[in-house]
Structures are given as C-alpha cells and as structure tokens.
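One structure is given below, represented as structure tokens, and several questions about it will come after.
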Amino acid sequence: MSAIIEETTKSRASGSKIRTVCEVNLDKPASEQPRLHNRWHPDIPFAGTIKDGETVKIECVDWTGGQIGNNDSADDVKNVDLSEIHYLSGPFEIEGAQPGDVLLVEIVDVQPFQDHPWGFTGIFAKENGGGFLDELYPSAAKAIWDFEGIYCTSRHVPHVKFAGLIHPGILGCAPSAEVLETWNKREGELIACSKLADRHVAMPPEPRSNHAGASDPDLKGKIGREGARTVPGRPEHGGNCDIKNLSRGSKVYLPVHVPGAKFSVGDLHFSQGDGEISFCGAIEMAGVITINFKVIKNGLEDLGLKSPIYIPGPVEPQFAPGRYIYFEGFSVDQHGKQHYLDVNVAYRQTILRVIEYLRRFGYSDYQIYILLSSAPIQGHIASIVDIPNACTTIGLPVDIFDFDIMPTGPAKKLDIAPCAFETGAKEGVVNTTSGENSEHSFGGGLTYKS
Amino acid sequence: MSAIIEETTKSRASGSKIRTVCEVNLDKPASEQPRLHNRWHPDIPFAGTIKDGETVKIECVDWTGGQIGNNDSADDVKNVDLSEIHYLSGPFEIEGAQPGDVLLVEIVDVQPFQDHPWGFTGIFAKENGGGFLDELYPSAAKAIWDFEGIYCTSRHVPHVKFAGLIHPGILGCAPSAEVLETWNKREGELIACSKLADRHVAMPPEPRSNHAGASDPDLKGKIGREGARTVPGRPEHGGNCDIKNLSRGSKVYLPVHVPGAKFSVGDLHFSQGDGEISFCGAIEMAGVITINFKVIKNGLEDLGLKSPIYIPGPVEPQFAPGRYIYFEGFSVDQHGKQHYLDVNVAYRQTILRVIEYLRRFGYSDYQIYILLSSAPIQGHIASIVDIPNACTTIGLPVDIFDFDIMPTGPAKKLDIAPCAFETGAKEGVVNTTSGENSEHSFGGGLTYKS
Amino acid sequence: MSAIIEETTKSRASGSKIRTVCEVNLDKPASEQPRLHNRWHPDIPFAGTIKDGETVKIECVDWTGGQIGNNDSADDVKNVDLSEIHYLSGPFEIEGAQPGDVLLVEIVDVQPFQDHPWGFTGIFAKENGGGFLDELYPSAAKAIWDFEGIYCTSRHVPHVKFAGLIHPGILGCAPSAEVLETWNKREGELIACSKLADRHVAMPPEPRSNHAGASDPDLKGKIGREGARTVPGRPEHGGNCDIKNLSRGSKVYLPVHVPGAKFSVGDLHFSQGDGEISFCGAIEMAGVITINFKVIKNGLEDLGLKSPIYIPGPVEPQFAPGRYIYFEGFSVDQHGKQHYLDVNVAYRQTILRVIEYLRRFGYSDYQIYILLSSAPIQGHIASIVDIPNACTTIGLPVDIFDFDIMPTGPAKKLDIAPCAFETGAKEGVVNTTSGENSEHSFGGGLTYKS
Amino acid sequence: MSAIIEETTKSRASGSKIRTVCEVNLDKPASEQPRLHNRWHPDIPFAGTIKDGETVKIECVDWTGGQIGNNDSADDVKNVDLSEIHYLSGPFEIEGAQPGDVLLVEIVDVQPFQDHPWGFTGIFAKENGGGFLDELYPSAAKAIWDFEGIYCTSRHVPHVKFAGLIHPGILGCAPSAEVLETWNKREGELIACSKLADRHVAMPPEPRSNHAGASDPDLKGKIGREGARTVPGRPEHGGNCDIKNLSRGSKVYLPVHVPGAKFSVGDLHFSQGDGEISFCGAIEMAGVITINFKVIKNGLEDLGLKSPIYIPGPVEPQFAPGRYIYFEGFSVDQHGKQHYLDVNVAYRQTILRVIEYLRRFGYSDYQIYILLSSAPIQGHIASIVDIPNACTTIGLPVDIFDFDIMPTGPAKKLDIAPCAFETGAKEGVVNTTSGENSEHSFGGGLTYKS
C-alpha cells in the first residue's frame, strides 16, 4: 500500500466474542424468518445495524432454504421450487453509508455450521432450472458432500477430496428505486424480444414465494410485484456473481445505492468451479460468514467504480501449475457447427473434453458434470479475437483425485458408485459429439417450471 | 505420476549443443524462406526431420514476418497485410508419428533473439483487422517493448515492468485432407450465413500472399486455394490457440493427423493477457523455441482426446492472490442493453471496468487496451448460468506497476508519455457507457481490408 | 499418488457432527482436568479412544494452562511457572496401533475458541525461560493478539495484520519405557557435562507441577520422577517440534512406540515464525484441533522412518516471492568474533539485521523480536559448508504491514504504541553490535527459575 | 511500492543488443584471463566500467576454472586444486558508486552457454575439501548434469528432472582495506584457536594460485599475501553466500566499500539445495549473467544495512505445499549424543533422514547426497529454543522424480545406474546411526590438501 493506513477502528473490546448480527434456525421454514429475504428491493426493512468498522458474524441458510435433503434421491432437486430462491440474510444497515460511497467488505471467515457439516450439488432437470449442459444431461441428479475441517468428500463422487475455496455466492447492497427500475426494464425487454420458445431467458418479478423480510403485508405485496429476482448478478451491485475466489480474506468493494447500504449476503458455497455450470453447481451449504465492514466515503467516484471489484484473500488452496491438466475448447459445437467467436460455445466444448477424459476412469457423465461444477477448476478465456474461433481452457487439478489421472496412457477403469438421480432416470455415457437434436447449442442457462 | 516412466530417450551426446532444425533470417523476406509457411495444409513439404525423443531448437520470425518496426508510428500496424499471416516454422517430420498418435511437445525454452531484444503490441485499425474493442477504439496504435532477460518494459506504456510468460501463440500438427475439408466447409457455411455486413466472420482460403514452404509452383497454387488460414485455433489440432500459459516447461499433447505429424510452430509471444484482446495483443516477437518431442502411439484413443490438452510449466511468474485486483463484468453492454448469458459481452464489460479504473492514473484508454492485451491478466468465466447475466472477472496484477494502484482513494494522475498512433489519430478517453452508435456490441473480432 | 488408494474408512454417518473426544474448561485449573497432562510417559492413562479412520475434535488449553492474561503488563510472563508446561490433551488410544506402526495424523482443522478469540506472544525474562536473544533483550515483554477469522492483529505490535498459519506446536505418540530411558540418559549426560553456569541446557524430570492425567497418586509419583519434560522435540516421536507449517490439511506420519499409540497434542499456535525465537514466540492460544487418524501397519520399516515426516496442507497463506525481503546473516557474532560454521550464530545475526531494518520505522526492538517470533517469517539455512561462515536467511513478508517497508529509501518513523513490559522494564533500542558483555553469543535458549 | 519511482535510466537505445562487459574463453586457462580473479582485495584493477542504470552481460567460467570434466570418473573432483577457487568475473567499476552507497543489482537473467549445456555436482574427498557429511561419505564422487532449456537431468542421478533455480553463488563488492584487515584478523584468530586437528577451520590468504586480474607482478604479490579467500560469504559484503533463491529477477542490495564499488560475480549455479551440503554441491556451470546496476546514494545508512538484503524474483519453479515431503531432524547425533540447541547437528540429522527414505528406492547414499546438494530442497530452521533440541526440516519436492516417492507403503526398488566415483571407491549404503567413529559430528565443513 502506498500510504500509512489508519488502523482498523476497533468496535469491540480486545478478546471479546464477535457479535452475531443474524441468527437463523435450520429447523424452521426460511420463509418465516424475518432476517431473511429473497428479492432485491430498496424498501425491505433493515434486519440489523452494523457499525462502520465493525466485524460481525452473519448466519445464512442454504440458498433453497432447506429444500434439499441428505439422501440418495434427486427427486428433491427435480422438484425444487425456484420461486423461493435465494434466501439471503439481511438487509443490514451499515452506519454512515450513503449513495456514492463504497462499502468495503472484508470476508474474514466462512464456515459451515458445526452441527450441519454437509452440503449438496445439484443438476437441475432441464424442465425445472436446467443448466449449462441441459441439452445433453436433462435429468436431475445430486451429490451430497461431507465436510471435515477444510476438506470435503462425497459418496456420490467417490475418489475425490479437496479443500474448499469457501465463499458466498451472493453479496451486495440493495438497489435504489432507480437502479431497480433499470433492472426491470432491461430484463423485461430481453424477455419481450426472446425467441427461445422453450426457455426462460430472464426472471421477472414474481410475487409467489416472495419473502420480504420483516415487511408488513402491504410492503410485501409491493416488493413481490417490483422486487428483482436474485438469480442474476448485476453490474450495479454485484449480487449473485458466483465468483469462486471470493473466499476467506477477500476484500470486496461494493457500490452503495441507498442510505445505510442495505447489505445482504447468502448462497454460501463450500466450493465451486469457474462457471458454476450445473446452476446448482457449487457445494451449497448453510453456515456462518464473518465480515468486517468499512465505509469508503465517495468511493464510487474516487475509485472510478461502476461494478464491484475485489482482492482475493491469501489462503486459497494451492496447486502447482504442473499439477493441472488444461483442456482446450473452441467455438465449434458438438454438431460440428461453426460459431462466431462465441465463448459460451467454446466453454461448453471445453467441459465436454473434460467429461470425455474423465469418463475413461469409470465416472458417469453426470458425476463429472457435478464435479466440474463444484471443484475448484480454473476456467479461462484464452483467445477471443481469432475469427471465427474463441478458445477457452479449463484447468483440472489432479491432486483432488486419490488416483492418478495424469495423461500417461490408457485409463484403468474403477468401479465407482453412482451419484443420486431422480426416480426413473438412467445414467450413462452421453455421446457428446452427435445425435442430440438441439438448436440451442449456443445458449444454455436456466429454465423453470411455471 | 503413477508408474515408473521410461527415462527420456537421449538423442544426443551428453554435453553436446542442441541442434537447430530451422534457422531464419530476419534480414530477408519471410516469404522467401523455405522453412516458413503461412497456411495449414497436409501437402506442405517437410522443412526438416526430428527424431522421436529429440530436443531441437526452432527459430521463428514474428507472426507478421517483420512488417512492424521499432519506431513511434502505428502506420505500419494500420497498413499491415493480414493475408501474409502467420509465418510459421515447419512443418517438421517427427519420426514414427502416425494418425491416431499424440505428439507430446515439451516446450523447454522460448527466448527472443539476443541481438533483437524487442517486440510489439498492436491495436489494429477497425477497418483492417480490428479487435475486441474496435467499436470503441477504432484507430491503429502500437507499443514497442524492450526485453532485458526475463523482463520487459515499453516507452509506450510507461511505469510498467513485468516478467514474460513467454510462449508460442501457435503450435500444432497439419490437418489431414479430411480435417482440412471439414474446416473449409464449416467456416464457409458461417461466412455464407453471416449477417454482419461490415465485418468478416471468418477467413476463407486466400491465394494472395500464400507461402507454402518449399512447395513447387503447382503445389503452391493448390495450397493457396485450399489451405486453411492460420488465424483461428481449431479443435482438431490446436493451432492458434493463443494460450498465455503455454510457457517454458509446458507439455502439450497434440493430435496427429498425417504421417510424420507435420508439426509447425510460430507466433512467439513474450507475454499475453487472457483473450489477447487487441488481436495483435500479445508482445509479438521473433525468437527461438526449444522443444522436446515424443510420440505417444495410439494416444488419441488411449487418452480420450479430441482436442489438445496441456500441463503448464513450473516457472510461471508468481503474484500472490492478494496482489491482484479483480474486476467484474456482466452481460449488460455499454448501451445498457441486456444480453442473454453472453460471455463475450461480459468480458468486454470487464475490460471496460479496468480501463475506467486505470485511466484515473493518467494512462490513455489505448494504452490500457494495449496493456490488458499483453500483460499476464487473468480472465475467468465466473458464472454462466445465472440468467440472464454471465459474469466474468479479470485479475490485474498490481506488481507490474512501479506505482501503487491499490484502491486506497483518489488516484494521483501521472504525466504519462503516449503510445504510438497512426498518423492523424487522436488519443483520449472514450466514454465507455454511451454514445457509441453500434449494433455490434455482442460481436467483435477481426475485420480486414480486402 | 501411485496407486488406487482405499477410500477413507467412514467412521460416522454422512452429515453427522464430528465427535469431540476431549473437552477442556478454560475456567478451571488445567492441573485439575483429567484429560490433560504435562509430561511424556508411557503409563499415563488413556484419555479416550479413537477408531482407526476416525475424525475427532480435540480441545486444548494454551500451553501454560491459562497463566497469561489479556492485559498490558508482562509481569505474568516474567513470573510464569515453567514447571507446569506444556499442558497437552490426551493421551488417546488409537485402536489397532502397535509399536512399529506409523500413525497418520491428518490435521483437517485448527481453530481458536469462538468465545476466546485471542492469544499471546511472550518474551521470557532472561532469568526465567529466556530466549534466543536473551543476552540482548533480558526483560519480559508480551503482545496480545486479537483474532478475526483467518486474521490476527495486536495493539502491542501495531500496523501489522496477517493470516494465521495455524498449527499445533506439539503432537506425538508416547515413548515406550525404553525410549523414555534413552531420553533421560542422553539429556542427563548433557546436563552433567554442561559448562554453562548460568543457563539450564536441558530439563530433567521434575515432580513439581507434574500433571499425569487420570493417574492415581502412586502412578503420578512415578511419572513425576521419570516423565520426560515436554519442552524439547525429540527425534523418536516429534513432540514439541514447533514447525510453523504443520497447519490445516497437513499429514503427519508419527512413529508408534506403545500399544494404542497414546497420542497427545497441544501448544496450539495461531501463527509462528521459523525458529519461534522468543521461546514463547508463537501466538499461543487455546482452541480446537480436528484430526483424522489412520494406522499404517509396519509403517516404520516400510517407510524407512526414524523421525516423523509430514506433508503440508494446501491452504498456507500465500505471499509472492517478490513480496519478501530476505536478510542475510553469517556466523560472525555481534562482537566481531568469528565462529566456525555455526548456524545458530548466523541465524541470530540474521534476526539482528531484521531488527535494525525495522526499527527505522518506529518499532522498539522488543516489538520486532515479538513479531519475528510470531509472524510467518521464512528461516532458511543457505550455506553450511563455506568455512568458516555459515549463512542463513530470513524472509520477511512485506504484506503483513499496513505501510510500505520496501527498501526504497530512508524510513519515515511512525508513532507506534509500545508492547507490554514487565514492571519497571525500559524498552528502547539495543546496540546490537557492541557493548553487550556476554560470553554466550554462541548459545541461547531456555533458562528458568528453580 | 510506496511512491512513484523514477523510471529506469535507459543507458542504451531501444531494441539494441545488451552490451557484454566481460567475455571469457573456456578453451584458455582461467588463470590467464585478465578479467577474472580469485581473491577479494581492494586493489585488483578494474576489469571494465558500467554506467549507473546500465544493464550488461557478464560471462563467467565455472568456479574451478574448468578443472572438472564431463566424464564418468570423479578423480578430477578428488584432485581438484582448491587454491585456485573461485574464479570470479570483475571487478567492475560502477560509475558514481562510493563507500556508504548501496549497489542495487537486479539479476535479470542467468544462462549457461548455448554450446556448453552441462554442469557438475561434486562430493569432495574428505581429505581435499570435504563437505557436510564427510565423516560418513569420505570418497570423491560426481554427477554430470545436462541442460535443456529450463530443465536438467543427469545420467548419474537417474529418474530425476527439474527446472533450475539458476543463480550466482557469489556476488559482492570489494572490501576496503579496513574491511579486509578485519576479515584477516578475525579469521586468523579462529585458526589460531582451533582445536580441530584434522580439519581446516578457515582459509588464510594464500599466494599459491592467486589470480589478481590485470595486476602487475608487484601488486599481484601483495594481493596474494593479503587477499581474502573467496570461500566464505562474509557479512560486510555478501560474497559466497550461496543462496539458492538469488535467481532470475532478484534484486540484491550490496554494501559499497570502495570507490567504483568493484563488483565481482561468479560461481554460477544451475540449481542448488539449501545448505549446498556437499560443498561442490550446486550444479556448477559456466555461463552468462545479465545484470542491471543502480547506485543508491547513502543507501547503507538510509536502509539500515550491515549485510546484503535481497528480494527474490518472480519466476521460481513452483511446487505446491502438498507436493513436498518434509523431514524432521533434531540435535541428537547419529551416535545418540545429545547436543545443545545445535542447528548444524539437527540439519545433518535431517539430511540423514532423507537419505534413509530415498535409498529404499535404489539410490546409493552418494547419489542422494548429491541430489540434496543440488536440487531445490527447502532447509528450514523450525525451532531453536526448545532446550536441548534444535529442530530443522527439509522439504523434498516429489515432482522432481519421474516415479512416485509419496509415503504410501514399501518402496519398489529401481535398478539405478551409479554416480561417478574416484578410482577405487566403493559405493554403498552407509549405516547412518552407528559405527562411524567420529568426534566431529558437531562440525563438518571444508578440509583441504596443503
């Protein structure tokens, strides 16, 4: 740093316990807990107050509010109610924060609950949620992960163990009325113009299952009609950015749009791969996040920010460069069609290359799809100007496997227990180069049951 | 590794000099040097023979064949003849390689020529080449970089110094006739269907400036008519993948399509950022690459490969996680239009966020555009399923600057000398949120003068 | 790994809480808690049983058993009773472990207690404990550290903040009777032969303050007479090795000497520098360690082990190479005397070089001594054969400071609050090159009040 | 950095070749080349002049001046003439440097000669040179290493390949007359007081084989009588510090004692392990170092320096923490004798633990001794205050082996070709815990034939 920084304002006595500003109850419906909410709106009442400079603990439910169970069936994933998501903790008043300021959020810790040491990764069914590869893998599937300290393992994806790059999928400050209006307008225009008949391209405000925190019924109604859904991250405030590296020790610089900031956080992930490709792709969990808050007055202008920035923390799990296998993908889809510099197509192809590589060891395609969603894979945009092919790469860390996956010859197939499936689904290897009759190889993304 | 590997076949006596299989002459036109070529075609004659297990040195010209000079004008960039690119060294026969095999290429060193210690980064003019931001930055511009050992600096982008993540932009084996036909067909269909009136979406075979190595005139004519252009990387062989981490010590596993492999390499980069966004975005240079070659018999099937994979080398320049600033971008373009999960839009927005941040310190937008193309920035796909917004991030290493760019407050503007421009161009700050009247915010990429 | 490893034996149901095998009570004297002990002896009764393959939580008091308070006086450090140390948790029976086996201890987490988020670093007075620099810094001093998630700060060492490389200072299996006899014999010979009049060179068995766990009075008496002190690490079992990198995720391979292994652990450190130079030099704390245990039958012979080995975990705080300043020291002491390849002298000199460097910024020598004991400094043996000078280096991470310590010119002195001192002690800068009338520049180490 | 730094003074035109200030001839005796010297003395004439801010190339012979051949006998090592060592390039005048300044030496590259791509590691015979383990391994032995780009391999230590952490073993500025006198006095006193009958503890000035650069005979005589030997590093100027991390990109801050600095450099190492334990332990080579020089006026006082400091470069070969096996050693020697906090004893024991571990795979002890001297092993001082045991650790990177050395069970013995030996020497496994009748387990270090 370039200058002597003022030392942290200490808001509590040395040695005293960190204050928990929000407790949740995992045995009670999320929809009944007043410090949770599931829409973005400037009028949701404050769920608590935090001092400028203070460090607090904030408890969070998992993003679905407990809809997914620790069992061996993916029927709960298949039937998940997406109108409920995401349950966030907040919004919190940060004393002194005003529009134009930047809220500096230092994530000093994220932990699962001690008595709830597990999480889940889901593949949503194509007709309810979908995901980046739903054209190829339309069934619902699931993996349960067990946590032991820094590590996780899953009976549904055997022979894998890794340290969590633990982080919140969502954090941000509430939009102002003007920002909210902008969101609803531009996303509404996309919905209006979309020609994708079988697929939702965005989610408009949805009164059903709206949880507006401690709002009274009138306000709740308004928020249900106007409140922005939490699914997309948005440039003005961040929100559901799902950045895997926003982990312990990270500093996030968030634009403030309303007095008091109205900061919310949730969607805790024990780990995630770049892209979070199966949509419910991270290792989703309930837990506690510990954050220090500081207000940077006039920060938006002083720092030239329009969207959040962040500085990663120092304790990311380390793999050496030489302990990754990198796969390359290009914007030629699985049907042989050439796309013009389309990174989405290239990234999907890169994922398919990893699936082809790993299935040689005995994993099902669905298991690999889950693994690439949840493990700390590195997804890079390699080249984006070499017409007509964009090129992306995925780095797969070899040390998360308890057997050798290095490219030294034919693979020895292991006898691997399956992941959880929806009732009646058949797993198996999908031919990833032909046969799928789809016009949507360029798209992907979420669909949901209305 | 999981098994005792056979030790490297030694193809030369201990202590003896490494053989140079291809020399180039920087004082002679590239088009006249028989060990160079600039099209992909199975019939280009071998430029030399390399033993299975051998390590050789291969000299390369810069990708343009010397069209760009070490001076302070970008007129050479503006007028570059893109029909000539890329001049590659090869194709080399690797003894014993057959279709279905994998060629294991270990890049044990890449160096600029000792007596030619400089390179260049160009921004192509919108009407000749273009680039990822050509709608906003249509003028030609240039930076010359000086090399000193592992480091580079530029009088055109002052206050920056970094170690090169030195690599070849292009390496691959020749396509078979069938593979070549596939390429020409699918890219031809894209060209036929394109509705982008002002922009080339792909480059068909081009007889003009075709350099077919040591071909006789008849063969040269055929190659000119059929040979695939070298601009795009392609899934079947890699080619111009422009992966910044393919550096010293990397092992690349390349599909073999023709007997003898016909391996070619070129487009050496002293450094590049993820995306190589300005198209001539890397630090382009002439130099020498040292490679060990090994043939993996039946490798394609045994390893389950359809596209190249690679394992990075161990000597990548290291920055700690906490010495990056990460910028976030979403698929809402600079005109406020919402795009559906479009990573290209998101990545362009991410770049604009960095430009806005760095211009506070006194750099021009063009300088930052050059810097982000050439410095080792990390471009990640963060989330790709949160409809309608894709999110990408760019990690900017702060330690490449000789002043502090950390987000600690208002920036102190430096007095910074400009980059090189085409005659008559005006530099300056572009308003990156409005005013540019473009319908192509979703596209980008290369255009060229016919 | 070279082979398909058997997956972890699961000793509990998926999703269930991790069992705590040992609870401690910070409000009760450590000497009265039956699952603690403070001597090494094969006969201390088991404090609990752990299955082969099981993961458990083990609570630990701080090494002194609570003698040091969160306050601004170092009188408690000055008067610490070292006959009580170290209070360890255990010994635990690991089912199936037998002499000749290796106990594989995977440290999956270490945490301070949530309601006790602080620790301490002490400089022992020269006449009671001493330390590596006690000839120069004979007074007792102290720093209290506050923990917030992964980070710590101290009002006694301002302008410093870093992530803990959290670890146990002590872990090991009980000695057999034969091993214990060897220890007492060889350390007794050292004591018998020592010519250092003013300094204890080793600590013989000491009945006073002996805590033998759940022993009955007779057994307790025996253990007091025979039990080895916990201060030194020892080659046969590890013990108090004080290795700063034995952190989260590390795997330690411990020799087993008695049936059931009798594993003990304690002396938890939030962080430590290489050497732990002030003796109470780590950031000492009470807390919880979570460990997975596996028995490797016949491991001693199969692995060729005589002493423990370990493999570090993946989440060590990361600093880039270029964010360290390395200091060099040689075996010429502060009086100008040449020593023969003496690494101890060289390391002391290296420390003094750091003290001289950092005191320019306003820190007192005692504060720097505390900082180098507790922050993750890298202490390397550089060269050990270049007669007569050994050379050692210390790497000081610059990013733990909130101001710039890079060697760019004269230092700007800060106004820095002092550390805690014993009553009557004067802090100040010590002339580290002359004047200290000492004959013990070659030695150092612990002294204590009898 | 804390402030806007002045950009590098450019001392040559952009794109021009870097000047070579010193050329050597490997076919001519080192003793006849006037830009080399092998003593430290303020009066050795300048070998060239370098501008403040300039970057130059400096060629160096290997430290022995070519005494060791690329062959399979270690007789040349056995009979090496140590009175000749080390041949350094210089001394160079740095314009403007004065006593009290600091010379900032940025090592921007180190390379072996292209036509001399090999180096050697030697174990000196106990009676001529010796080494850290000469009591146990008294014979001369040798390994020849072949270089290919960043990597090295050896027919004498098969199944190993690693990237060089390439660096100069020696660099420093000439002593003033006063500093030289101090050296001779304090080392002379050590020699006078030594009671080690069979072992040289330091090397006094030695007229034989003195090479005083371009001195006339009178001056050469004086330098032979007074000049300090180059073997030890010394605190006042650095010199032969043998720090393995002083590699490409490192910045070294060197005290200046005479006008013009009289900077010398040599003893280039392709790689070295911490301690350089076999004395000729690095991979010794001839080659070229490229350095940028800057003078920091009044730097000694402003930076508070008494000895050199350095900041490592960014391109160190990377291994993840989890890809090291760490061995622990304590200050109990191989005869079971307890030493008092003796780091030298602990480090020797740590080395013996690695030897015992690796010999299970079929290596001879001598091969492992060579490997630990030359490969980038990490040697740490773990704890230095836990009386009576010092503890050190050695981290052995597993990825330098082409087979799996992880501690997963009994080792499969390979059939490994031997290293080079002196005529008549027998290799074999030495019993490292008993039998060696030595009183010098506390010492070690260099001996030489008079």
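We just call them A, B, C and D in the order they show up, numbering each chain from 1.
The rule we apply is simple: a contact is a pair of C-beta atoms (placed from the backbone, for glycine too) under 8 Å apart; a residue touches a chain by one contact, two chains touch by 3 or more.
If you're wondering where the values come from, they're calculated on a predicted model, not measured in any experiment.
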| item | value |
| --- | --- |
| Distance-maximising chain from chain D - centres being C-alpha averages | A |
| Between the pairs A-C and A-D, the one where more C-beta pairs touch | A-C |
| Inter-centroid spacing, chain B versus chain A (mean Cα positions, whole Å) | 31 |
| Between chain A and chain C, centroid-to-centroid distance (C-alpha), Å | 39 |
| Centre distance in Å when chain A and chain D are each reduced to the mean of their C-alpha atoms | 50 |
| Interface hub residues of chain A, defined as touching at least two other chains | 1-3, 5, 249, 313-314, 316, 318-322, 399, 403-404 |
| Of chain A, residues touching chain C in the complex | 1-5, 7-8, 14-18, 55, 70, 107-109, 114-118, 144, 146, 148-151, 153, 155, 158-159, 161, 163, 248-249, 290, 292, 313-319, 399, 402-404, 412, 414 |
| Chain C - residues contacting chain B, complex | 1-3, 318-323, 399 |
| Contacting residues of chain C [partner chain D, same complex] | 1-3, 5, 131-132, 182, 186-187, 189-190, 194, 196, 200-203, 231-235, 238, 240-245, 249, 253, 274-279, 281, 296, 302-314, 316, 320-322, 324-330, 332, 336-344, 347, 349, 353, 356-357, 359-360, 378-393, 395, 403-404, 406-411, 433, 443-446 |
